[in-house]
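Each of the two complexes below includes subunit A, the first together with subunit B, the second together with subunit C.
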Partner chain A sequence: MKARSALLLGSLSATLVAFALTSPRVIAADKVDPVADAKAFQNFYFQKFPDVKHEDFVNGPYSMNEDMKRQWQEKEEFPPYEFALDAGKEMFATPFKNGKTYADCFPNGGIGIRQNYPYFDTKEGKVVTLELALNRCREANGEAPYSYVKDEMASLTAYMAFTSRGKPMDIKIPDDPRALAAFENGKRYFYTRRGQMNFSCASCHVQSPGERIRAEILAPALGILNAMPIYRSEWSGMGTTSRRFVTCNSQTRAVPLEPQADEYRDVEYFLSYVANGLPISGPGARP
Partner chain B sequence: MPFVLWNAAISAIETIAITPRNDALTAFSRTPALLLLLAFATGLASPARAQSAVAEGRKLAFDRGKGNCLTCHVIKGGDLPGTIGPELKDLKAKYPDRNELVAIIFDETKRNPQTMMPPFGRNRILTDQEISAIVDFLQTL
Partner chain C sequence: MKRSLPLAMLLALSLAPAARAANEADYKAAYAAAEAASKEAAGMRNQWTVTVSTLAAAKKAADGGDFDRAVAAAQEAEALAKASIFQATSEKDAWKAMEIR
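The block that comes next holds the complex of A and B.
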């Protein structure tokens, strides 16, 4: 481990946290600067890992380790998420009982739009993720919502991600103080330590990417959602963004939130925005 | 390989974490004279007990539901170590005063506010006695 860079990094995240915590008390909105935040966030990883091609950060742990990357590339010949992709494609084309389809709920018929999610809905005043939009589509058409964490939801998002592969993440923050507040709230959640182990999301994915935690290699937070949903051998199946958030919280003895709780939506907004410009790579496969 | 950090039951954890720190307890564990007294009282000062404390400390350090130190540290005799922290070795030379090791395990954020190492004592992951046994084990490394 590189003690000095860890310390440096620590102070970077400390600065960000300090910033996040003090900004509301100083000059309210003027201090929230997502453009500068995203630039600093990306530069941090580009400088820490000068040998990693920028577009490779979206491949999670594989971007950090050459051996693993080779094994993964071999596996991609017969990707383990293929069954989910096929199922998702079929579900997407199958009409609801009322004759409508998912395509009717989304811009461009839902094809090639993954890079625009989550977005800030100025009518609702909240962040809307792709998973949430899919369940709302179902409910608006008289169908029961799916579980957020796996199976059908993972299949649908796998298909939608696949049709968007290679497109740069393109998250907008509209000129609305509530959108800035959502970004800021997501950022605060990301850097705040919680639970008995006293970890923040940043402890693992900013302070220690590339390090091994037991046998697993930690993914960098930059582009960490671009590959969602993912197949994990450990899950013997697919998992959504919701599933990964809940898992990371509970495996570190912090109390997980409900999938699609406001704070998770805001974290997703923050993490996606700072990955702007990096390609969608989902669905992904993980060891 | 499943990523299980601490596989004990996840119950009322947030409650534990936000429980205000017991300062009396902290002061107690940081006072050498009292620690010595405690050591006598629990019999740790006798060689036989010291032996079993080392074995107990090793068990606690490796146990995934307790110290789970291998998540981050290479430790002689342990499998599948992580790389987040430094290898734990020659600790007696580096920290001749055992209280320094107790303090690191109790709450390393005191020395380094940004550390990833969990505050095992402050957040009641380990009791003072368990920490003491782990320190006995660390001093043999």
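The block that comes next holds the complex of A and C.
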């Protein structure tokens, strides 16, 4: 009887040990792991384009095509975003009606901080982008918010990006399940097909960077937001990250979401995080 | 025999259902179905631009009294909306296949 009990107890223990050893692996398969995701994301591009210097991915299509790169480098002597940059600098320094300025709303007076946006606000439980923070600053100081897609918002973010040029993207994901959920939600948005064209962001910017789509060369997704905001010849003007998401959606024949919708904030969080370590290059210029 | 053939043809033609022009009631039914599907797609945050424009075209045709065209456009809009619903549903899991790992 004792032998039978010992046998039963032994087999039970063995089962429990086996279960304990295997279950973490099952959980790990579904676990949100931004560090592993970012590593895989960067490696994908580094291996696909071994001749492109890592820091060059932030230059979008110019990193994929030598002829375009030479033309762009010449254009950079008198860059098309220069007017926006000057306007942004002036706006940034001009006090609100209450005497305060944008500098009062941001760490380090708003200078050289672009690489830390977007961030996850643990109080709000949501992602806060630079564009959103700028409008919140305006509203907190009794000013009307700007349009998220162009004009003043593009000028302000152009100036803030310019003061951060060369600084490596440094997005943090706090140990908070809501932050991990936002990252995962952004990732899902990035890979989800939408619109009548049945395209996801990844269809162009993961599967086909360097390829032509009509007359354009597609940019790699890696570092794509490091150059924001951008002057686009196609727009004949400046556009923000919000504008880029909205027009991408429209091009796939999907009705765009409202600028700064949770999904857009989350996909910006995802794309910025996976570009950690790559330099800020904004404001940029694109065809 | 010679007489029976034209008679048979006449009989067949008279029995064949005549193509009826669509009326306002047909349009309203088709538009309501399309609008319901379109709202469902919008609720899934996966509305297509072509659904919206085709629905607008249906309304414009109906306003101009062209109910044949209005019904056809409404039916097309419904099909587009249903396709977008299918896309949103299947992509709930399908997106993972595109992920870089």
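Convention: the second predicted complex is superposed on the first by the 257 of 287 C-alpha atoms of A that agree within 3 Å, B and C clash if a C-alpha of one lies under 4 Å from a C-alpha of the other, contacts with A are read in each partner's own complex, and residues count from 1 in each chain.
By definition in this document, contacts are C-beta pairs under 8 Å (C-beta built on N, C-alpha and C of every residue); 3 or more make two chains touch, one makes a residue touch a chain.
Predicted, not measured: the structure shown is a model, and the values here were computed from it.
K.L.:
Go through the superposed model and pick first if A:Glu216 touches only subunit B, second if only subunit C, both, or neither.
P.N.:
A:Glu216: touches subunit B, not subunit C.
K.L.:
Touch check for A:Ser208: first (subunit B), second (subunit C), both, or neither?
P.N.:
first
K.L.:
If we overlay the two complexes on their shared chain A, which of subunit B and subunit C does A:Pro168 touch? Say first, second, both or neither.
P.N.:
neither
K.L.:
For A:Glu234, using the defined touch cut-off, is the partner it touches subunit B, subunit C, both, or neither? Pick first, second, both or neither.
P.N.:
After superposition on chain A, A:Glu234 lies in contact with subunit B alone.
K.L.:
May I ask you to name which of subunit B and subunit C touches more residues of subunit A?
P.N.:
It is B that touches the greater number of subunit A residues.
K.L.:
Which holds for A:Ser250: it touches subunit B only (first), subunit C only (second), both, or neither?
P.N.:
Both partners.
K.L.:
Per the contact definition in the header, classify A:Gly112: touching subunit B only (first), subunit C only (second), both, or neither.
P.N.:
After superposition on chain A, A:Gly112 lies in contact with neither partner.
K.L.:
Going by the contact rule set out at the top, does A:Pro287 touch subunit B (first), subunit C (second), both, or neither?
P.N.:
In the superposition, A:Pro287 contacts subunit B only.
K.L.:
State whether A:Phe199 touches subunit B only (first), subunit C only (second), both chains, or neither.
P.N.:
Only subunit B is touched by A:Phe199; subunit C is not.
K.L.:
Identify the residues of subunit A that lie in both the subunit B contact region and the subunit C contact region.
P.N.:
Residues 194-196, 198, 203, 207, 250, 253-255 of subunit A touch both subunit B and subunit C.
K.L.:
In their shared complex, at which residues does subunit A touch subunit B?
P.N.:
On the subunit A side, the touching residues are 1, 3, 6-7, 9-11, 13-14, 194-199, 203-204, 207-208, 211-216, 234, 250-255, 287.
K.L.:
Which part of subunit A faces subunit C closely enough to touch in the complex?
P.N.:
Touch list, subunit A to subunit C: 37, 40-41, 44, 187-188, 191-196, 198, 200, 202-203, 206-207, 250, 253-255, 257, 263.
K.L.:
Could you pull out which subunit B residues touch subunit A in their complex?
P.N.:
1-6, 8, 10, 13-14, 16-17, 70-72, 80-86, 109, 112-116, 118-119, 123-125
K.L.:
Flag every residue of subunit C that touches subunit A in the complex, lowest number first.
P.N.:
42, 45-50, 52, 80, 83-84, 87-88, 91, 94-96, 98-101
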